[in-house]
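After this come two complexes, each holding subunit A, first together with subunit B and then together with subunit C.
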Partner chain A sequence: MDSSEVEFLAEKETVKIIPNFSLDRIYLIGGDLGPFNPGLPVDVPVWLALNLKQRQKCRIVPPAWMDVEKLEEMRELERKEDTFTPVPSPYYMELTKLLLNYASDNIPKADEIRTLVKDIWDTRIAKLRLSADSFISQLEAHAKLDNLTLMEINTIRAFLLDSLNCMYKLRSNLQPGSSKGQFTDY
Partner chain B sequence: MSDALSDAGSDVNQDDAQEDVMTPAELIAKLEEAWLNEKFSPELLENKSEVVECVMEQLSHMDANLQRVKKGDAKASIHRMEIDRIRFVLSSYLRSRLRKIEKFFPHVLEREKSRGEGDPSLLSPEEFAFAKEYYANTETYLKAVALKRMPPNLQTVDMLKAVPEPCLDSFVFLRVKDRQENILVEPETDDQREYVVDLEEGSQHLMRYRTIAPLVSSGAVQLI
Partner chain C sequence: MDTQSYLPVQPGVGMGENFLSLDDIVLSHERLPIRTECRFPRLGFLEKSSDSQDIPEGTKMELPLWLSKGLYEKKRRVLSVELPKVYREGWRTVFNADPNVVDLHKMGPYYYGLGSQMLHFDSPENPEIAQTLLQTFIGRFRRNMDSSQNAYNEDTSALVERLDCLEKALFTSGQSGLNSFQSWEKGQASQLTASSLVLNYRKRKITDLQP
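Moving on, here comes the complex of A and B:
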């Protein structure tokens, strides 16, 4: 999966905006939105929020977790624990990136948030690499991956799955007579 | 102008009440589920032509309504964006199916042939036509470039043996939607023992596709 496709899925999350225009309720296929009144906060999907923001038709209210203090706590917890801690949003990385790229003027302390989220991400990816390493070296057949986000899974997917398949191929060829040995996918 | 669009919305909502009552939003969710499952499963999954057809209907309905709207209308542009997003998912879904059909065509056709009378078909009628044509074209091509110059006893190719089978032993990532108990995990090596795991609702796992393939088609797990 391409990471832009993960971002595409992240854009379905809702975010609060404060519009500066008025518009009746919209009946989209995926659900109703609005009505929009100037100054009144309303929930919209991120793709629409970003579009409206780029046309300077709204102000985006950052999600509650996008806050320096909360993120600092998270970072400490993430560094302390050996396992993956629960994340505030299943698309925290993508949302941070999207909102900070297009609406950094609506988000207080944008630079600090960017650094914090990056720190959390780096810590988690380091853990992910470690667990992938032990998964492979112990020849495990099953792993539980709670609290991992789609983007995190996606960064390791191609490499991990291909290596597992290769190793499986090599191993099944080592055991002569096993019916699983007929690997033809190359 | 905005009347046309509000109408569009309510029409669409009623339209869908047909057979099994599903809101358009649920329909789109179904399509996205099918899209991700198809993207990540090593083999071709059962076709979801009702979902595809319903979505196409919704899209053309909305398209038709948008035709009646003046250019530059704020609502229309939002509707267009939504349509584009849905269309992207739809075509990506259909494309990933075609890619698998091209990759595994003899096996896909074989499975379709051996399927029982009442079983749901793997391919939609269009996909079936595509697979057959692809098979015929590949065969003709092989004949034209090489086979007819071979000695007579080597002039046939068994497509089923020539084309690799989908590798059901690949690992997949999945999220559990309905709790499952006692899923058997086969050992990786001979000196390991097999064991069972319970899949809790909402949990995520990495395991071999073969073990959980029935759960994917029943919708109890979602590949991610």
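Moving on, here comes the complex of A and C:
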């Protein structure tokens, strides 16, 4: 899976905007949106919010978790705990990047938020590597990792899957006869 | 994201080989020290050190893996295969002590592949060999993971020069994950680029095809 595909999925998340135009309710396959009235907040998907924002037709209200104090709290918790802490949004990294890139004038303290989210991300990736290493070195066959987001899984997927494949084959060497008689079709 | 014009077949790693894997084909040419257990008539030309027409019983020579595997049989003792140095007791102790210090590229470069293939020849040390292979892989895993996931935009030749071929493939897949994330973060993922297939495509002229 490609990172841009994960970003595409993240664009389905809803975000609150304050439009400065009026439009009746619009009917889309994914659901009805609107009606849009100037000054009245309305929930729309991120892709539409960014499109309207780029045409300067709305103001984006940042999600509640995109706030310096809350993120600082999260960072401390993430550093303290050994396990993964629940994240406010399954697409926190993608949403931060999208909203800060296109609507940084609507988000207070954008730079601090960017740094905080990057800190959280780095802490979580370090934990992910640590758990992958202990998973391999203890010869486990399955593991449960709660609260991981798609983007985080995506960065390590190819490497971890290939390593586990190799390890499985090297392990099946230990029991002679078990790997015989397996043929792969090409 | 890198597109390739063909999908390389992964090496089989275990006791089986992948027929179409280039790595496994190269691996099957590794030379093994063997000892003949019967006379090989009229094959003296294979053994450069003596002038006789036949290869007498008890000769020590080297044969490629594919040939030794074909000739080896448990019941009819045609030849006996000796373990290459790296899989013997002495080196196994080194691997068990600290797998990270060993230069597997120099030792192999198909350390895991050849080690697994050695299990075909029923040696009493087989369980220990298999165990050492697994422990070596696990011991080197962390370092390989960290180096592949952190080396962004730098020269990786120093990092991969001590890796076995199998580990090199893993390193590449770790790098692809890192690179795709970094290019997304920098906003390069949204730019459209031409596929490498199209870039490499040249129109063939009819004169090239018809001599």
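We adopt the following convention: the second predicted complex is superposed on the first by the 177 of 186 C-alpha atoms of A that agree within 3 Å, B and C clash if a C-alpha of one lies under 4 Å from a C-alpha of the other, contacts with A are read in each partner's own complex, and residues count from 1 in each chain.
FYI, contacts are C-beta pairs under 8 Å (C-beta built on N, C-alpha and C of every residue); 3 or more make two chains touch, one makes a residue touch a chain.
Computed from a prediction, not measured in an experiment: that's the story for all the values here.
Model built by superposing both complexes on subunit A: subunit B and subunit C fit together without a clash.
In the superposed pair of complexes, A:L28 makes contact with subunit B only, with no contact to subunit C. Using the contact criterion defined above for the overlaid structures, shared-chain residue A:T85 touches neither subunit B nor subunit C, since it reaches no partner. Shared-chain residue A:R157: touches subunit B and subunit C both.
Looking at the shared chain after the overlay, A:I136 reaches subunit C, while subunit B stays out of its contact range. Shared-chain residue A:T115: touches no atom of subunit B or subunit C. Applying the stated contact rule after C-alpha superposition, one finds that A:N37 touches neither subunit B nor subunit C.
When the two complexes are overlaid on their common chain A, residue A:S4 makes contact with subunit C while staying clear of subunit B. By the touch criterion defined above, A:R171 reaches both subunit B and subunit C.
Taken over all C-alpha pairs, subunit B and subunit C come no nearer than 9 Å in the superposed arrangement. In the superposition on chain A, the residues of subunit A contacting both subunit B and subunit C are 139, 157, 165, 171, 180, 183-184, 186.
Per the touch definition, subunit C reaches subunit A in the complex via residues 1, 9-10, 12-16, 18-20, 112, 116, 119, 126-127, 130-131, 133-134, 137-139, 141-142, 145-146, 148-149, 166, 169-170, 173-174, 176-178, 180-181, 183-185, 187, 189-190.
Residues 2, 5-6, 8-10, 12-13, 24-25, 28, 32, 39-40, 58-59, 62, 74-75, 78-79, 81-83, 85-86, 88, 92, 164-167, 169-173, 185-190, 192, 197, 203-208, 224 of subunit B touch subunit A in their complex. Residue ranges on subunit A touching subunit B, taken from their complex, read 1, 5, 8-9, 21, 23-33, 47-48, 51, 135, 139-146, 148, 150, 153, 157, 160-161, 164-165, 168, 171, 175, 180, 183-186. Interface residues of subunit A, counted against subunit C in their complex, comprise 2-4, 7, 97, 101, 129, 132-133, 136-137, 139, 151, 154-159, 162-163, 165-167, 169-174, 176, 179-180, 182-184, 186.
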